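What follows is a set of notes on a single structure, which appears directly below.
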Amino acid sequence: MANTMTQRVPTSSSVPNPDALATLRPPLIAGDKQPADVTHDICAPFERGPTALWWVAFAVSFTTLVIGAIAVTYQIATGIGTWGLNRTVGWAFDITNFVFWVGIGHAGTLISAVLFLFRQKWRTSVNRSAEAMTLFAVMCAGLFPIIHMGRPWLAFWMMPYPNTRGPLWVNFKSPLLWDVFAISTYLLISAVFWYVGLVPDLATIRDRSPAGWRRRLASIFSLGWNGSARTWHRYETVYMLLAGLATPLVFSVHTIVSMDFATAVIPGWHTTIFPPYFVAGAIFSGLAMVLTLMLIARKVMQLEDYITLRHVEAMCKLMLSMGCIVGLAYGTEFFVAAYSGNPYEQFVFLNRAGGPFRWAYWTMVTCNVIIPQLLWLRGVRRNIALVFAISIVVNIGMWFERFVIIVTSLHRDFLPSSWADYSPTIIEVATLLGSFGLFFSCFLLFCRFIPVIAMAEVKGVLKSPHHAHEHESVKGDAA
Amino acid sequence: MAAKFMPPPIAPFVTTRDVFLAAMTKQRSEFRPSETKPHSLVRRGGNQVAPAEAAALSRRQFLEAAGFTISLAAFGGCGRAPVDHAFPAPAMPAGTIPGQLRSYASTCTGCSAACGLLVGTRDGRPLKMEGLPEHPLSQGGLCAVGQALPIGLYDRQRFAEPLQNGKPAEWTTIDHEIVQGLDRIKSQQKAVRVVTSTVTSPTLRARIAAFVKQFPDGRHVVFDPNSSSAILDAHQQTHGARVLPHYHFDRATTVVSFGADFLGTWISPVEFTAGWSSRRAPQANKPEMSHHVQFESRMSLTGSNADRRYAIHPSQQGPLVGRLAEIVATLAGKPLPEKPVANMDGKFDQQLAELAERLWHERGRGLVVCDSQEVGVQRYVNYINHLLGNYGTTLDLERPSRQRQGNDRDIESLVEELSAGQIGALFVADVDLLHALANRPGLADAVDRVPLSISFAPRGDEFTTHAKYVCPDHHPLESWSDAEPISGLMSLGQPTLQPLGNTRAMMESLATWMGQPTTTLAALQAYWKDSVFPRRPSSASASFADFWDVALRSGFVEVTPEPVKINEFNATSLKPLMPTTAADGFTIVLYNKIGMPDARHAHNPWLQELPDPVTKVTWGNYVCVSPADADRLQINDGDVIAVSVGKDAPQLELPALVQVGQHEGTLAIARGYGVKGTDRFAKVGPQWIGANPTVVDGELVGVNAAVFQEFRSGMLRYERSGATVAKTGKHRALAATQKYNSLELPSNVAPHGAEHRDVIQRTTLAAFAKDPHAGAAEHHATDTQLWPEDHPKTGHAWGMVIDLNKCTGCSACVIACQAENNIPVVGYDEVRRQREMHWLRIDRYYDQVSENVDVAHQPMMCQHCDNAPCETVCPALATVHSSEGLNEQVYNRCVGTRYCANNCPYKVRRFNWFAYPHPDLRQNLVLNPEVTVRSRGVMEKCSMCVQRIEAGRIAARTQGVPMADGMVQTACQQSCPADAILFGDMNDPRSAISAALKNPRRYRVLEELNVRPSVSYLRVVRNRDEEARRG
Amino acid sequence: MQQRVLTIALIIGLGFSIALLASAMSAWRLPDNQQGYAPQQPIAYSHRLHAGELQINCVFCHSAAESSRYAGIPSSDVCMKCHRLVTAPYNVMQQELQLADKEKRPPKTIVSAELKKLYDSLALDDKLQPIPGRTPQSIAWVRVHNLPDYACFSHQAHVAAGVTCQYCHGPVESMERMQQFSTLAMGWCVNCHRDATRNGVNGRQVHAATDCSVCHH
Amino acid sequence: MSERLLLAKFGHEDDLLASCKELRRHDYKIVDAFTPYAVHGLDRAMGLEPSRLTWVCFLCGMIGAIGMLIFEYWVGAISWPVDVGGKPWNSLPSNVPVAFETAVLLAGFGSVFALFGVSRLYPGKAVRPEFDRVTDDRFILVLAETDARFDPAEVKHLLRPFNLLELEERVVSAGGVPS
């Protein structure tokens, strides 16, 4: 792909050298693209057949998905006992994974919505995949609260529906119920936001694909989009509204997730700094995951010109700042414990750092606070390989953050008599893997069948050369 | 025959039809019971059921009657629930009401203490054992073993019919052959031995005596697996009568115990606990309580409750007793002619001196007991008590105890005769001879050589496999019995169910073989008419029928005791003790667990899963090793080590347990394990890919430690010196319910100034006398509310107060709760994974972990907080607060998020990780129909026996009276031998609990969280002089 | 143009189907709702005859209702209190008596088909004499009122509070074959409890708690 | 009666915008414009009113929030008051999160469906008018030939400087969208 492009536009400015990029603010999109090129480049990956790399990736992730599915089936058929939980540690992998995936989701919304509100043009080439990621992450997250139930088949009892029991409603005072509403709202809104953004691109696909299943599907889902300026006008308004809604939604969702813990009496959970702490953590982990995916997509889908080093750097800076916030939160926790004079609180944190689970705690600190400091260095930020590695590390670290919060707080609480330890079973591990399998399978399918970059938006931010028409006429004849 | 045991109607007592439809399963129990009762049962205070009405009925009928049950045959159309059949018994006797609880006074047979029993039956099924409140010994208490009786009744592995050489046979044929065999033996002048453990039943004792009298050489050998033979022999020598004194701990202000675990397993624990605890309640205006000193080598339950506990080496016990005797003698002005012990290390001299002072000062109110099996030592014990004038006050010889009659000399000679092949006929009842005498290898072969060997065992054991005939006895709940635990205290045991199998009472078997067949009832009445009725109190009515009725209704009757001839104390009998040299190597100390007083109970899943009050370990036995030795040998909990004593005895491999408070150089191993047939528990608990079996196949629950016993100077000794220990490198994690054993936080992570958690508050009597509030934790327990109090409790406000000073941790309440609330047995693996299901647990904390360790026990169950953290977080409203202050758990609404359990500061909530199997439908007859059987995936916890509260409320409403204080008793409260648990209405100013709440010792656990628990505790007070340490 | 027609057609169709559903709604029953359940019983016992015409008090047969959780399904010997004499419908027996008078012979005992089943279950022959060698068998009645296992209903409590049998069981005295009158759904219980606490039962002030543990324990 | 429309095709948004302004200056009636992406300033250039969808969004949000608050209050304090952890029957703080989420949900869906409604977007709708590459890189301006003095030639002349790619006339039935 890349070389065909260079053939078409043989100017040396097409692939500018890095230094130039860094100094004078370079275009968001490299390679002096025209709208037509955008359409062409972005539609190319799924108009061509899948690459071998794609097949490999998909095979791997789908296998893990199947493994996970088997594990979950066995667990639901046999009982929660197939997990390593006990009377003292009632939650571990399940809720850890839940919070982890919700967190992942958040960066997607952040990038697409918040950056949109801040008119950050560079978001345009990443927001589509970021939103997709959000969608899939929240899907994974949503699974865990259901399968972690002793009787998942009764999950619908969480919903306040009229019934013949009196009627007996639900407990609106329970953070878990807030979760139910928050997560489902988040899933639906993200889905709508994503789809609305997709409509014009679907129209593009419809118009350029030959008669066949793709065209049929595209024409159904593009809702007869014709590019009328009046529609564009309303569309912009609604898109802005959705962005405006999604932004507070992101914060509320993770605030509520954090309340699962913050409103409990368990030392290590019962703390007021959780909402901001969790939101920061969520964005942190989310950014890391976006980076991971973007860098992969960039390579696999050959979109180097659309996801440029500038995007990567921007993301790195965001990630670094979030990492620092998270680090601050870790510190604050200890301070709060020490300052509160609450012996239970103090013990929990000493126990985190020095108790049986200290390995988990220090893994978390290393991955989330220490290693990301490397991103202060420009050299690191611009080194794709390193950035990729760091993003992975942060993902791991953020998973451990949730594990530490949940397990170390539970396993030694008030009465020493009921202190217990915890170790996962194979089923739990398989379930975690399965969630990753689900996530990546969905994402790979997304890459295959849906434009990973919002064409309509990218076209909007193309640098407009003043005598573009000359090319135009040439190409006009060519066409 | 066997087929008859499972006719269709008895189908699901636990309906599994809708585990997936969110239905908690509860057995249908509307069947017509009364037919299943043998005739002339007498309900307490109730009217007699005429024999005519209660025609005996076949098991077929019983099981039919047992089934008001569901047969999941047809499905009605369009979403109908499965068709549910109801099988009313064809004929229903008068006065029986379906579903109503009926209690029958009876006598417990769990051990030879013969406590008073109240058998709660519903629909003809005995379900719940309770203490008989009026009983002079147990005083309403009942131990864990007694509570666990009923599950044995419904055990399928009980023999359903007699066996002949291991094959089922008819009674007639067996009787015929046995009678022939006996005649032959009579002619051959061969020896006939009837071996039983202590027989508290005078009738049976007389019957056996009569039986053996027919033979030229017939004898009744009494074999107590944990015998007190030495005490009896010592009294033979010092007082001229081979009797066991009746100990009155309730009269003792100073108790000195040398190794005697009288609160746990020694002679009559329930009675002793009741007595002991009656002196453990200091009042603010009257700060007095008994002083209890314990010298012991292992950590026993009694030791864990002592005011002073000294860890001693077993070899020191004799010398210490002797030394004490010496000091007391000098105080009494009658110095001993010769020193009791030649070589005396001065260790403990000063303590002993103080103790002697105290004892002497409290003459007649002290009590010295010792579990030594060395007659010499026991003689000195008697001497001490004699000098202190305790005989007649705290020890009673006029009305001696009949709770231990074992005579080890007879056993030893029996063993000799057996190996010499002199025995013609051997009858063995309620003791597994071969298991209990495992220290005599080759005994099995000797038994095989006995021409006529007969076992009365209810289940297969080692002896039955060698016995020619097995004539299974009834389960105690199926048969009549009587008992005379204390001379003059006669109690009756009545059946509550027709025999489930084709079994026969031992009494009847013997009668048949004597050629004068009779029913047990007839035999009892005959005996009582002749030898009990005449001794009746003057108040009793002159008609035997009335006398019998009264006795039957009240369960016991006091009559004038048979006179015993007691001589003046024979001081000449005192002989110096053998000089004891601390043998090299380890000394093994054999003991019995509270949950496993003897091997007879090895088939009881409840007892197997009962956490030992001290070690908190379930399922099987282990070697307790002292911390010092553990450090030296690098042994950790669960390391399997091999223990052996020389060549002759086999070596045993058991997991180790490091036991604080145990004396260096000793190994403590529990007996009563490794019982044949306990491999039945291999599949107990959930089966899934990660599960470890409770019993490794081919093996048994625990190992039989009896191999380490030995006969020494005519006594069966439970300690053995010269043992060696070797590590095997194997590891078997112990299934302990408590992993962290101290209130001291781990030093490396303990916050400065808060290293100790005052969950259990303690003080000393000295401090308490100064300030009744001494020992209170100083944290500002704020009582401010964030929100208005808009949940007034206008009606009742149920609450509980637990006196930690009375509570010994005996765990009777744990089993009481399990029996009452259908709590499942989950097996070794689940317990190991910290998933035990007991609603009521007893936390045990070692305080300062050192040579002299302080132990505290704390029953912990749902605290029914008014500001319950669990309730707020449940999304489904499955756990909410009742208008009477109860924290309700609604199983059928629970979806199992486990959020409530996470948020419970006391961690008292239990989750059904699996569908705990109820495969054995017969076994399920033990389930309490008043309590839902929980399905998989739901949370459960202590409900403060809400079913009893509701029953009480309905009863009161029906009579149109308010619920009286004490009308409702929780299961744990009812069973508590120490009377440490008090339940009642905190809104009723006149209730006992309202008074208890004003007690200065009262505090609430984790009060500072302001969750406002409804359960309060009373502070521990140790009778010591030094000032209270905080917490 | 065509489109319009199509749209209109669709709208009309929708309207129709909604109307149909609405009408069908009434016939729908939620799962587990057993209201109106009237299974075939092994013996065609008529409550109308016994409770209605003959005015036999409910607790004459369901004797435990006042003293236990369970009202109890009477055992066969309860039936025998009357049916030792009444072996067939009244008129049939009358005819036989008259016939016997005419023919100057002792009347035969005529056993009706349904009662035969009863006597069989008790192992009695036509002369109502026990058949040697046979043990009485239970009659496999089909339960009509099936509460789920986790609901603990006490007849005693309700009878004591003055709730009439008919209040829950409906006009039993008019039922030829017993059927479930009420839904027995939790809401039905709870609403009655609320109402009873507010307005009392038959003018009597009562406290009917709505605490969960009243029924679920 | 039928209507004649003039379609001007451009290759760049700048040209579209410029010509749009130019034509309006000569008060030509612009029916609509068709673009591959949202061209900034086009609405102003065409003189479109700001959308009223924001109000729909606000309204739905309010309904969600207030409705849910009322429902929660009714459930907790009126329908069946249950004592959970001694909390007040009606505790506003604990009702806020759910109410907020409902508000967002309704607001979001409300405005999106309103958009689909007012712009007549529904699955399987036929694309009319169809223009080549309009969803790719072509920009089309639609003029209505209102009266007789409308002169396509003049329009062509006006649009020349904005490198007009192509000019096309279409006749459509009255009121209909160009087809």
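Order of writing sets the chain letters: A, B, C and D. Residues in each chain are counted from 1.
Quick note on the criterion: a residue touches a chain if its C-beta (ideal position, glycine included) is under 8 Å from a C-beta of that chain, and two chains touch if they have at least 3 such contacts.
Model, not experiment: these values are computed from the prediction.
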| item | value |
| --- | --- |
| More contacts between chains, B-D or A-C | B-D |
| Distance from chain C to chain A - Cα centre to Cα centre, in angstrom | 60 |
| Chain C-chain D separation of Cα centroids, rounded to whole Å | 66 |
| Centre-of-Cα separation between chain D and chain B, whole angstrom | 81 |
| Mean-CA-position distance for chain C and chain B (Å) | 47 |
| Junction residues of chain C, two or more chains touched | 190, 210 |
| Sequence positions of chain D contacting 2 or more other chains | 80, 82, 84-85, 87, 91 |
| Contacts with 2+ other chains: residues of chain B | 869, 872, 874, 877, 880, 882-883, 893 |
| Topology of the chain contact graph, where touching chains are joined (line, ring, star, complete, other) | other |
| Sites on chain C touched by chain A in the complex | 30, 33, 183, 185-188, 190-191, 210 |
| Residue numbers on chain A that touch chain D, as the complex places them | 34-36, 39, 160, 166-174, 177-178, 181-182, 185, 188-189, 192-193, 196, 199-200, 203-204, 206-208, 219-221, 223-238, 241-242, 245-246, 248-249, 252, 256, 259, 455-457, 459-460, 464, 468-469, 472-473, 476, 479 |
| Parts of chain A lying in touch with chain C, wherever the complex brings them together | 163-168 |
| Sites on chain B touched by chain D in the complex | 787-791, 865-872, 874, 877, 880-883, 1012 |
| List of chain A residues in touch with chain B within their complex | 74, 78-82, 84-88, 90-91, 145, 148-155, 157-158, 168-171, 173-177, 180, 260, 263-266, 343, 346-347, 350-351, 353-355, 410, 412-421, 425-427 |
